[in-house]
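Several structures are given next for inspection.
One chain, chain A, links the two complexes that follow: it is found with chain B in the first and with chain C in the second.
On to the complex of A and B.
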């Protein structure tokens, strides 16, 4: 069996930063499987899984026979019904590519996460052809009101807890809970992580008015 | 008494009470009684049924998302005793509403003083009026002071100021009180 390149860790790191953990993980699982079948997906999981727990979970899904992520945009659109604006926390390119064309009348703002430099962030946003605006943790409160919803990428949900990007902790306080229409969690990883959920944080499910 | 000595003293009392198995042994009566009065916050959360308050507000706030936001501010934000108090008072007023079969009238919905969202003063919110979808009904205040008078303005200022669990509860209760007063006048 051909050995996986040691540069895979670095290339996944770059891809995850610009595409999102889940989107990058599905891309890598697909490409590595095309290159070397399930055995190589297994090897990638073994080598990188502990460092990138979302990749670990996606590889597990792949090895269980799943071949693409579940991207349920209808449920998200329904959860955002009545909102005129949405602030999105967390970045997942595949999911946003599918969702944005469905949000016809909703003004979309992406919360910058601080993990990439400003130039990279604006290059990432340019892929959406001015469909989205950028906000940060200082300016997002410009959007307060009963017609603005917060949508956060969620990586696995149990009855009591969910895993979210750390930015959520910086945004979500008691003051903010009273300032927006709804707090929707979009579960982009439909399974539990098997390893320590590095890079993510566990928060109570009750933080959200709805998980889809 | 030095702070560390006071702490050690309190700790001693606590241990003694625990060992004695009786709250009034060992500690001062005031200290023990105070501790005994405070119920766990979970007992407050247990009696709050958000849906009943959602139902009461539905005629005034037909938008489900706006209503959910207001109910969250009333029952799920701020100190536990405020959440519980809001629930009890609104439930009782809701019972009165039900008994009299009343709902909103057009004047109530037209004449509301905005309750501003509490955002930092440096944040520019010009893109959308930063107000809650429920305001203070102003007509009912005219029963206490002439419209536009300093007293009328001051009353509205009192009612709309403060954290949302206060101001929005004031608004909700005033809507119901206004409806009750109007009905009472019609029947007498």
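On to the complex of A and C.
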């Protein structure tokens, strides 16, 4: 595993960028376990966990017996009830694949995160077959209104704080709070991270209208 | 050599050297060189700008622009991305299979669409796989290098694959079918030979640590990245049907009908653009490769100016005076063509050398000269990374992809990394060109 880990680190970085941290982490846990059992998942956690805290938490979940992520789309659909448009902050392929078919009447916009180039971003979006539009930090202002909800991917939540992608900090502020219908956090990790949450930022839980 | 010949030839050579030395200014340099050629021709009293412009092979430009636009429609249908993902899956990310499958894939694609479009769409996907697998420098250099050469070979295999073949088709010296029948087999042979040498002797795959888990994960991740990407049939089906009709027309319409290759292309591409309405209009307004058009247009002007001076006739006579048999003269010509292409790239050398080839074709079977020339130009294009337009583009895309090996060391793909692949490819393709010339001119 030690020899393997250097190549795996890069692999995970590429996968996380295009699939999302949580979706990539579950894929890695699944594949590594199929290849070498729980011992290999443990070894992967040791080797990559400190660099990728979401992978560390997912490996812990795997070793605790969980075999797939909890994707509760019903709660998200309920939280977005009444909205005609949704702006999604953060990219998690497995979660979006499950959610989008449930959002029948809602126009969905994905906020580009700037971590991938334009060609890659459009390729990522082409997986949703024109069901989603791309929006950036400048143009999202045209979606302002009481019919638009913001949905952000959240990686673990405590009573007071949650971890979110850094893009959230550039979107959210006191002036923005009044401009949208609601701010929904979708907790895709559902457990606390054991190591320092690199790649993510901690924000107050009360930034969000609701965490599901 | 007369003074007019000396002035115009010097201007042409200096322009070619300058554009090769400063590639970032190559279009400005060549456009300026063409303007000076027009001035010289006028001042020397051997012609006028009007005459030079009337002699330009406009049909070649129509074919280049038309086929480029058709490539864009295919690209927007996501065809190339899906082909690349399928190849990655089929290869199971095994280094040797990856090299073989991607080379064959690029060869086939480049035979139908231009090299730049094919590379622009396939390379980013290959880069993802290279990032996922963290291959070592040696393997990455050979893989990318062989892919570029496969592109050049695919372009030379069909009359619509690349500029030199298009020039031959439009000159009317060879028919579509004739070129395809004679050029495709040697290019296939060259690809097989090159792959056999690379895999059997060079063995870049030996530098790769075999990791079953990494291969398995990479294939799985690629699958997830393209999980919902489908072929856009509304774009693909009409374009593919029109290309098929164009191919049939090129193959079946007799030359006496007057419906030339460029007219078939013009009509077919116009229909494809009309079917796509707004997108077709957008393509025409924004995606015509004006850089390539201006570059070639200017080269043609300079070559026409040199032709007016009578230099090509003088060169042909000198070649004919060499104390060699016609096959020997052909061998010298093909070798010179290969080296000149390596130095000045395919466009300039083909535009100039074709004039000399016409003279040689009077004493030898025309196909021997023309296909031999196309193969030599292909060999020259594969000699240096800078010899074909696709080379610097592949270099730029690879640098931008920020590839690393398993130790995290950055990987490069530049002139020096390509050189061993270039020398090997040049040797293989040029030998086949010479063999072709010798065999069919016996």
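Here is the rule we use: the second predicted complex is superposed on the first by the 207 of 212 C-alpha atoms of A that agree within 3 Å, B and C clash if a C-alpha of one lies under 4 Å from a C-alpha of the other, contacts with A are read in each partner's own complex, and residues count from 1 in each chain.
Just so we're on the same page, contacts are C-beta pairs under 8 Å (C-beta built on N, C-alpha and C of every residue); 3 or more make two chains touch, one makes a residue touch a chain.
Quantities reported herein were computed from a predicted structural model and do not represent experimental measurements.
Considered on the superposed chain A, chain B and chain C are sterically compatible, since they fit side by side.
Once the two complexes are laid over each other on the shared chain, residue contacts for A:97 go to chain C alone; chain B is not touched. By the touch criterion defined above, A:147 reaches chain B but does not reach chain C. In the superposition on chain A, A:139 contacts chain B only, with no contact to chain C.
Using the contact criterion defined above for the overlaid structures, shared-chain residue A:128 touches chain C, although it does not reach chain B.
The partner of chain A that touches more of its residues, comparing chain B with chain C, is C. In the superposed model, A:27 makes contact with chain C only, not with chain B. When the shared chain is aligned, chain C comes close enough to touch A:8, but chain B does not. Of note, the Cα-centre angle with chain A at its vertex and chain B and chain C at its ends comes out at 120 degrees, rounded to the nearest 10. No C-alpha atom of chain B lies closer than 22 Å to any C-alpha atom of chain C in the overlay. Taken together, the two structures place no residue of chain A in contact with chain B in one case and with chain C in the other.
Only residues 3-4, 6-8, 10-11, 14-15, 18-19, 23-24, 27-28, 31-32, 35-36, 40, 93, 97, 117, 119-120, 123-124, 126-129 of chain A touch chain C when the two sit together in their complex. Note for the complex: chain C touches chain A at residues 78, 81, 124, 128, 131-134, 209, 211-214, 216-218, 220-221, 224-230, 400, 404, 406-408.
Across the complex, chain B meets chain A through its residues 63-66, 68-69, 72-73, 76-78, 117-120, 123-125, 127-133, 163-165. Of all residues in chain A, those touching chain B in their complex are 81-83, 85, 138-139, 141-149, 174-175, 177-182, 209.
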